[in-house]
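Just below sit the structures, each encoded as structure tokens.
After this come two complexes, each holding chain A, first together with chain B and then together with chain C.
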Partner chain A sequence: MTMAPDTTAFIGQPHRRQNALRHLAGRGRFTTDLVLPRMVHAAFVRSPVARGQILAVDVEQASQAPGVICVLTAADLNPLCMPWVGTLDHFARMASPPQNILAETHVVWAGQPVVMVIASSRAQAEDACELVVVEIEDQEPVVDGAAALALGADTASPGLASNLCYETVLETADVDAAFAKAACVVDGEFSFGRHTAVTLEPRAVVADFDPSTGQLTVHQGTQTPYQFQDVYARHFGLNEGQVRVIAADVGGSFGMKLHVYHEEMATVAASKLLGRPVRFVADRLESFLSDIHARDHKVRARMAVDANGIITAMEVDDLTQIGAFSAYPRTSAAEGNQVIRLMGGPYRMQDYRGRLSVVFQNKVQTSQYRAVGHPIACAVTEVLVDGVAEALGQDPLDLRVRNVVPDDAYPHTSATGYQFEKLSHQACLARLRQMMGYETLRAEQALLRKTGIYRGIGIAPFIEITNPGAAFYGVGGARISAQDGAIVKLTPSGDVQCMISVTEQGQGTETIIAQIVGEQLGVSPERVKVITGDTDTTPVGGATWACRGAGIGGETALRAGRKLRDQILAIAAAVLQSEVVDLRLADASVIDAHTGAVRLSLAEIGRIATYRPDTLPSGTDNSLTAAQHYAPSGFPFAFTNGVQASHVEVDVETGLVKLLKHWVVEDCGRIINPLLVDEQIRGGVVQGLGAALFEECLYDEEGQLTNGSLAEYLVPMACEMPDIVIGHVETPTLDTILGAKGVGEAGTAAAGAAAMNAVNDALLPFKARLMQTPMTPARILAALGHV
Partner chain B sequence: MELEGTQILHATPQAVWQALFDRAILEQAIPGCESLEQKSETEFAAVVRLKVGPVSARFQGEVTLTELEPFSACTLSGKGSGGIAGFAKGTARITLVAEGDVTVLSYRAEAAVGGKLAALGNRLIKATAQKLAGEFFAAFGALLPEEAGGDTGPEDAGEKRRETGGCGAVSRAGGPQIAGNGRTS
Partner chain C sequence: MEQDLTKEITVTVNGETVRQRVEPRLSLADWLRDRLGLTATHLGCEMGACGACLVMLNGRPAHACLTLAVQVDGEMVETLEGLRDRGVIADLQAAFHERNALQCGFCTSGMLATAHALLVDNPHPDRSEIRDALSGNYCRCTGYEAIVDAIASTAAARTIDQGTSG
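Let's turn to the complex of A and B:
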């Protein structure tokens, strides 16, 4: 049997983002732009101290200010809302104080909302905030995690037994023996600074409660509309079916916009109270003060190798400082939990002990942000591997080639318990070596060193968790969907629409869904309209986080597309008096599967099924809509892998680092859209380099954030970024038909580790080594002993 | 955050000392001062309107003078609340040394800010604080009675100096100090 040539393979093609033209034309639909009739604006009076007791709140004068609708305190808003607690059941003995909208008796971080002012404009609300008098007796804040754990230390929040939020130990039986018989042990003490998302569009919410129907509509810049539908329904006592969350265009999210914040809850509560739309959009200062921060880990670690230079064991102690409470509903313990489990991930290492302490302090909460835990685990592991290479006098790339799990040794389970279906470390390392011209670069480095130019090469293999099932949150009791859903329909004119639960924040989710659905139905992606981000119009699903959009959302779209394809073919077979197996869809038509001859256009199918179903044979199902849900099964996660390399030049007089070039070889399984995959990797690398070299939320000893503006907080700029060269190895997962894994966090996972190794490699002649991010010029000079 | 600086004042230490306790002079010299109330010999309550970068606020604060060594040194401590803008608190040790016919006033201040003001960033706060200190001492110097004496009131003296373009104070304030790890202390 000869098959007709496939003219409708859209998966794997470099389609441009479909919504880019709309954004370029200024037609974005961001929550920030939304104006509703009778809409009022919110601003917050925030605690100026990190820890204290509220003595008095006087809103009298503010209530009289021009334009003010009302001034709301904890007494007004908190009774409307069931408190939330950021713990999960599978984190045994985890503790976190209950949260409510506004501070009642105590404040626990500088920036915590105490009073909400609603006015006709944001400017009027801000002016009125100045007239609110809050008397707070300040108390010594808890700022240092290690000190916070000391016996008898003050607790960050009242009602806590101690500042320990969660602790766990993960170990293999023979870890101590492995260290006892090691030929060489290297160790390090690491510190990873706090940084934050700095999205182009800040957090934005417009809550619109209609008292006549009990309907709550929340327009919100979020990546997880369904999660917020559930949160608002449960915490405000509403029927879930009457809560609609709409996330139209979202100007960046990176994990920061999927947590519950006091301001969003306050906005919903105020709308419920006032029966009119209330808008809150964070200004940049508020974003720095109240968006979740990322990282803040102090890690002590050591690595054992045998006489052949094979890594045998690691021991890791991670202390992570999360702020005054654990974030809801995903907690602030998930990152540390991943840090200790991702350690040594690419390597054959047999034994391991990881200890995690999650500690409260009087700062803003930390929680999940792009590449949760990966940059920490990768940097610790890879800096130690470079330490081993130096101690043994071996080449760092060769040492890694000998230590990674061989490509033919899968399935494999790591010492920390992660299961890998199939990874490709050896192929990736080989590809990297060739792409970067490793030997030539090393020769050049040696030559330049003699002339006083200090360049460094840093290598960092990595693994990345993608396509999570229920193991992340569901098993811990969180109402966070582990599955996704799609509805695909053929319009009467033969166009296709797909309503799907995964969401779009600029990464091109909608475009890849159009490619996948288009391929199943033989319709070009431009004719597939993808609708996301509305809980009233799309099926329920987990949406976009933890690199699940392509792998899980894509598989959902594929299966929904195939379901509709089968329905279309059944109608076509009935019309054509033919067998389904003899028909195919291609070029917007039903074609003869053997000859490729066009039998019937999709438009004709649409016309008949919609306007003349009476002409179909009796009993024919005329449905041109298919709904499909999909939950991952098989491996708990679809791990991806890859390797990154960084080439830098360090000015040893000024401490300035110049990023010369960056390479990534990535295996994300089947590539749906190479253009968007590369964009994801590049964006991720830049975010990883930002944390490694520039970004840090600085606090003083009073728990005050001291760089809450873009004048003080450094984000990576285009002029500082190197060329990023990308290569691919494709190892599809066999758990799905599509075979795609995630890629959104891969760039961030290892960029910082590669950069840290590169800087340390450049500093090797000076015996200086940095284990702290960001690697600022001052810290580099300190490591060199110059300051 | 530490601030320090030195001012040369064209007056005797005695005259400078008296002016430091003179409500009327202080009220005019403090930048943005809306009111200054002397509650006792050594205690003042002030309302000051200030703009720091994008944040403007009315501070209500109290200033106390302690560790008095007449004509040579004293310590000023104060705390001000700017409502939504945050707060500022600090202490300053002021010393006066006669050098010929001028008085060298040195100050060394330890200040902390909180809330929105702190989040704006130390660089902005410190630059503003140095500017305000400069403005204060310039005005203060101008308001000092001239050593030739006479009965010229402080306001008149100020007018006169402004008319002649004279500046009673020369600022030698120290620049920001950066500590090892990139944090401003």
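Let's turn to the complex of A and C:
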């Protein structure tokens, strides 16, 4: 007898997403689609100035407008809510002013909500907003971070001692000596513009407080339902059990939808006050004015190399400008903290000094967005590495091959203190060289240059933080779960359900969980229904952020599946009068572990355990539900690594950059679904390229956002984006059974750095070098000295 | 007493005749979503930039956010729900599923509308023509390549089908 192929290996297969079928049929269930009985609509009157004192608010006329239910001010709403403060204990001496729902005495950014109007329709609420009179005495806004730190500077918010939110220094003992004896030092001054998530579905919330039972149900487009359950319970004085948060389909999130916003808190407060459902959906201008912005770093950096071209040290000073307060509950210091720790990550570099200053200003809050800190650290490091290559007359790819931590040198601890279990930089670089035909491209580049065509090749190795434990937030006192939970059950008909705390925003979370659970139980993923995004039906857990869905959520599902598998096998052994070790699950059945013969279908197990438990031997546990929680242990993070390359052509007359092609070699450990992994990488790359070339929230000197629409804020379009070639190296983490690490942020981490190096490589004959994002045509022409 | 400015419109929506009184300022998108429950039509920018609200108006893609409901009086409107029910984009939907040409799904209705119209106008588009055609459709999740692939493979399959049947 020949062995049949293993039909139960689902991990590693390109399973298609069941939930995609709903979207393709127009049956998405977005929060923006939700209509509840007696639901009313919210709109906000926002501060027109970046900094000022509120003198008077007159809502009289607005209250009389057609359809208006009520007009609410700080005096109505703020007493319902305990203020929130965006600091964490492990960021020593961090300061941030307390926040409450509506501005009471001062406004601190242009767009801050001052008055909330509730009406029968959003249009009527907006009409009434026009009738509210808010009198504000303008004050000079704090817009520039460096100026904000000057002695005696005005503070962005009242009650602050200074505009410094947080500062820290990280250094090795010998960093100064390393620079003193360097054969070559390159330096740079970088500026990374503000950009924002632009999720296609804006932020949306429907809060539904039922005064008869005291139950609050919040339907919200978010990545983190449990975090919001905790926030709403604590800040509105409810028991946790009285708060249910439901995140149905979410139209993009990318980190933006896991922060606390004034409008969501206002919507909950208004529902508590009115005892009926209140809906708030941001329009696109409101999104630009109130969604978190990302980045906004000014970095001075230098890199030392020895006579052999080996990188010995880096020194970095990062000034990050975060808006008028630190975001809650994750803070606005986490990104800078990561920037200074990720510097030089792929390299053997031994010495380092990183300084971080986190500074307040009168703009929208910045906070965590896809690939937190990574694009900054990667771009600074890799632009300097290219600078070294140029200074030494060496090939940039060869220089990197010589400098990365060798694949056989793990475990390794970086100069900044990060611990790496096992990475594969050398393998990835070798793979990239072959995939992109590096030597051929270089030869072509040289030929084309002679004809006045300026192409550039940019290389950017990277590391990425995934599978974080409690070190990120929990140790700092934030009530953000580092663990996840899953409940797996076998139905009476032999189908499987998995309720799990990780969430889906289209990346395929539910699909990979179905694959993992299905593999443990020998059930095809199509018959595993995965339920996410509801605090009443799933176990508590951290959900989806920082690339933890696959690595931590997946491991949770695996362990839950194995627990249920053991329960099923115990029942089967009792029924069959057999030993558990002689049985196995496959093809939706219990089979003989040795011969593969089918002994009993899972449907039969379900039937007996559910309808005829009386026929089981006395003492048999008939449970067909298993619950399991899992928190990462071992290394503090499961670092991934990879390398990206960008090939561009720069028109030196117009400054336009054409992206010709992009390559990524990525090592995310064990690949659960190659189709979904590749699409996470592609989507991430394009977000990275957007920030590098197009996206920027522009402010004038009065602190006014000047491009708050999708006509003026440039999002990458299909016609501008290159095809992206992806290769893989697989180094599973040994910290888990599953071996998976995260992948969602890898694309964003290094795409911008690769593009910046490619543009600068194209401009090499002109001795022009850009260190500012986005690399707009105007900035390229300026670097070329044309304007 | 407020003046009644509403106007009665009669519109063929997904093959069904709908008669309603609407305010002159009501957009087609809000009418479809809020009054008819056709929530496949999404709103991403409300200024005709992102393409999430594209519907077929008399067989051509139109921004439902820039069109007023009163403007479509007497016209034919088809949303993704209608295209799906008629079966005319079944192969496109299957190709999007197979290639994972969507993530969060919010742009998908508009993408399918654009793709449907493109393949009617130009049954054999090359990749750059597909990318150009998608320039009015923003997608934040996929990076576009999978969408381009799905449309290209649908075009290729339709060509083969026509070749064998013709």
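FYI, the second predicted complex is superposed on the first by the 782 of 787 C-alpha atoms of A that agree within 3 Å, B and C clash if a C-alpha of one lies under 4 Å from a C-alpha of the other, contacts with A are read in each partner's own complex, and residues count from 1 in each chain.
The rule we apply is simple: a residue touches a chain if its C-beta (ideal position, glycine included) is under 8 Å from a C-beta of that chain, and two chains touch if they have at least 3 such contacts.
All values reported here derive from a predicted model rather than from experimental measurement.
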(request) Figure out whether A:529 sits in contact with chain B (first) or chain C (second), or with both, or with neither. (result) neither
(request) Determine, under the contact definition given at the top, whether A:27 touches first (chain B), second (chain C), both, or neither. (result) second
(message) For A:123 in the superposed arrangement: first (chain B), second (chain C), both or neither?
(response) second
(request) Kindly classify A:629 by the partners it touches after superposition: chain B alone (first), chain C alone (second), both, or neither? (result) neither
(message) Taking the superposition on A as described, I'd like to know which of chain B and chain C A:709 touches: first, second, both or neither.
(response) both
(request) Between chain B and chain C, pick out the one touching the greater number of residues of chain A. (result) C
(request) Would you sort A:289 into first (chain B), second (chain C), both or neither based on which partner it touches? (result) first
(message) So in the superposed three-chain picture, is A:685 touching just chain B, just chain C, both, or none of them (first/second/both/neither)?
(response) second
(request) Go through the superposed model and pick first if A:562 touches only chain B, second if only chain C, both, or neither. (result) neither
(message) Please report the chain A residues shared by its interface with chain B and its interface with chain C.
(response) 709, 711
(message) With touch defined as at the start, can you tell me which chain A residues reach chain B in the complex?
(response) 45-50, 110-111, 126, 129-134, 285, 288-289, 698, 700, 702, 704-709, 711-712, 776-779, 782, 787
(message) Going by the contact rule set out above, which residues of chain C touch chain A in the complex?
(response) 2, 25, 33-34, 38-40, 42-47, 49-50, 52, 79-81, 84, 93, 96-98, 100, 102-109, 112, 127-128, 130-132, 134-135, 137-148
(request) Provide the residue numbers of chain A that touch chain C in the complex, in ascending order. (result) 16-17, 20-28, 30, 32-33, 35, 66, 123, 197-202, 249-254, 283-284, 505-508, 675-676, 679, 682-687, 709-711, 715, 717-719, 721, 723-724, 747
(request) Spell out the residues on chain B that touch chain A in their complex, using ranges where they run on. (result) 53, 57-58, 81, 83-87, 112-116, 118-124, 178, 180-184
